[in-house]
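You will see two complexes here that share subunit A, one where it goes with subunit B and one where it goes with subunit C.
What follows is the complex of A and B.
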């Protein structure tokens, strides 16, 4: 039972991360390869604030705010660079982030990471696995509903103009940088929530949990929702989480199951790129 | 003197990777991350070939380097023809090539890891020191200087031959190049071999210097992208200058900070270069 609940929790958390990535693309045409860094920022912020003795609720607020800020700043850079330049920029940002958390040992504890995150949180007689599975499912479906409602909002129309041309957006009274920052903040909050729940669930944060390979997995998941219905992201998340976990369950060594996930993510991104960019958009 | 030699060696290797990034960029007008797995796979090919030789003789280096270069050229040809087939009518691939190559790179990393398991692959040779410009340098440093100079020299000569001029013209103005009969497909054989040789040299250096890991491939690609972007110039050889500058900066940062902090400094520089360069929807495609 615990195995099923664990898989469900991961599927919903990766869904949230994928949704955050897809949201940025759908609003601004910006493909980010640094989603894992936003997730990791939230997880690390929570772990560090908890280590410093802050109350849990303040640590949660701090973690989400930090992720929102980092997400906003990362997407805000798309005002300066777009297209493949922006994707390469976020790729470099992801590598810088990994370098910083691996080397800033007196704050992040370097490659060893921070263990025992959120262990002090109690749920009475309810099993934590059940609580996290339920919380992640409710959060994922709630945010999916909000994102679905927002698809036809005035803000989405404004962001579409900004994505088309900042110059054009300025002439009709929109503020391109502020719009991009707002999209980034929204995406950062969703990714931050996923990162926070992830850290609480696995009770551990370390650099390899939020590396470039995780970013590619999230990108692959978000590819399912670049166009059409957002709920398709759930299919991508289920596929990329279930298959490696089932392979691990069937006796495949842990490291090889991780490579299987990478292999599948790479295949998905490649096929997605061919389908999505086949003709001039 | 030792620091200058080290900076020169690093710079020449980054110049070869930078030139490879630049060649692929000019071909598709988009960053091609396939350089990362190409460098890693050529390093793995060097290690496999090296297992046939008990000692690091000159013959062993020549044969292993030839194997690495052949693997690089073969894979590069396969890759470029696949991309050209998929996006035949499109001149500017931009995000398409970046995301497609990121996926392919991740797929190759996953496939290699799934096939052989995790871990570092390195040659089992005891490498002797080499007397170079009055100092005792490591063999990888000497290899980087000799092969790096040779590959940069070959690139310089190629850029001044007929196919090189055709390639430079394609890189600068694809529409004009098309009008006088230069197509991407006609450039593929020479550019693929060029990319393969450059990646093979970098991969061979990696195999003898620090071993091959997928992370190393990605790091080297980003350094190469920095080298290709550092000096904005339509000429292919500007990537060599960029590589030498990035190499010098890398060694200097390693001395001032630490090897791991130097990586952050270099990636920070690349981020700044990208931001300073900027791009807008109006200018995209004209660069």
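What follows is the complex of A and C.
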């Protein structure tokens, strides 16, 4: 039972991360390869703040605010990029992030990571998996509902104008940088919530948990929701989490199951890149 | 508020796009920029819209001779570009709502920011603008990308005309428009010019002279002459062309 609940938790958390990634594309045509870094920012911020004795609720607020700020600033930079240049920029940001958390050892404990995250606020030893599965499901479905409603909002239309041309947006009275920052903040909050729950669930933050390979998996999941209904991201999350886990359950060694996930993610991104970014030549 | 361009120069490398351009634009009315390709018409509009910074020279408020910066020019002007720059996946209704309510469309959590962008546009934008779009057979609930070039041009012009800013800058606004739509657009521009400044660049000289109150003739980046359109015939201008 715990295995199923654990898988469900991961499916919903990766769904949230994929939703955060798809949101920046749907609003601004900006593809991020640094979603894991935003998740990691929230997870690390929570772990560090709690380790330094801050009350849990303040650590949660601090973690989400940090992720929101990082998301806002990263997407704000898309004002200076065109099209897929932003993917290259975020790839670089992901590298910088990994470099910082691996080397800033007196704060992040470097490659050792921080263990015991949130242990004192766990809900006892009897049903933690159930609590996390329920919390991640409620959060995922709640945010999906909000995101779905936002699809037909005036802000979404305004963002589409900003995505087309910042100059056009300025001329009609929009503020392109403010729009980009807000999209980044919204995406950062969602990714931050996923990162926070992830850290609480696995009780560990470590650079390898939020590396470029994880960003590629999240990118692949978000590709399921670049167009059409957002709920398709849940399908992507289920596929990319369930299949490797079921393979592992069926006896495939853990490392190879991880490679299977990367293989599927790479395949999804390749197909998505050809289908979605097909430009007239 | 009228604008004074004083000795404005714009250079791109070794090319001079505007050469000591000086002119006082009125607060309201229609000013036409005419000239051959490369004469500096679009560059003049770029300067007025704050899109580019002049290499030298000044842009001032006529009344108090106060300097006007790029940000201020951007806030005061709406620009229609030569090429149609429109959000392809939005419908005309969604786009026109953004143009009409940019404040609400800017803030994610502003009151009304979650206003639905879909629905009936009638009542939101002036009836005359809706009629112009109808004449061009623009379909309000179909993505912009699926419209013809002329329909997209009509929509881009309509959107610029409903922007609530004191200066409208139109670069070849009538290109790709049918005669009927073009006539309707001219009427709309006349109406708008009663309360704000409209500056437009145009190759069709008779049309420019018919519509504008003042005509500026540019050649090789220089303002060759300016005159009240009503007092001249377009044949008077042949000396400046070819």
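Worth a mention:
The rule is short, and it goes like this: the second predicted complex is superposed on the first by the 273 of 281 C-alpha atoms of A that agree within 3 Å, B and C clash if a C-alpha of one lies under 4 Å from a C-alpha of the other, contacts with A are read in each partner's own complex, and residues count from 1 in each chain.
As a working rule, a residue touches a chain if its C-beta (ideal position, glycine included) is under 8 Å from a C-beta of that chain, and two chains touch if they have at least 3 such contacts.
These numbers were taken from a predicted model, which means no experiment stands behind them.
Judged by the touch definition given at the top, the superposed model places A:229 against neither subunit B nor subunit C. Applying the stated contact rule after C-alpha superposition, one finds that A:164 touches each of subunit B and subunit C. Of the two partner chains placed by superposition, A:52 touches none, neither subunit B nor subunit C. By the touch criterion stated above, A:175 is placed in contact with subunit C alone, subunit B being left untouched. Using the contact criterion defined above for the overlaid structures, shared-chain residue A:148 touches neither subunit B nor subunit C, since it reaches no partner. Judged by the touch definition given at the top, the superposed model places A:259 against subunit B, while subunit C stays out of reach. By the touch criterion defined above, A:269 reaches subunit B but does not reach subunit C. In the superposed pair of complexes, A:84 makes contact with subunit B only, with no contact to subunit C. Common to the subunit B-facing and subunit C-facing surfaces of subunit A are residues 164-165, 167. The residues of subunit C lying in touch with subunit A in their complex are 49, 51, 74, 77-79, 81, 85-90, 94-95, 97-99, 101-108, 112-118, 159-160, 163-165.
Contact residues of subunit A toward subunit B in the complex are 31, 33, 77, 80-85, 87-89, 91-93, 95-96, 99-100, 102-103, 164-167, 212-213, 216, 219-220, 253, 255-256, 258-274, 277-280.
Of all the residues in subunit B, the ones that touch subunit A in their complex are 30-31, 86-87, 90, 93-100, 102-111, 113-114, 117-118, 218-219, 222, 225, 258, 260-261, 263-264, 267-268, 270-271, 274-275, 277-282, 284.
Partner subunit C is touched in their complex by these residues of subunit A: 149-150, 152-158, 160-161, 163-165, 167-168, 170-175, 178-179, 182-183, 186.
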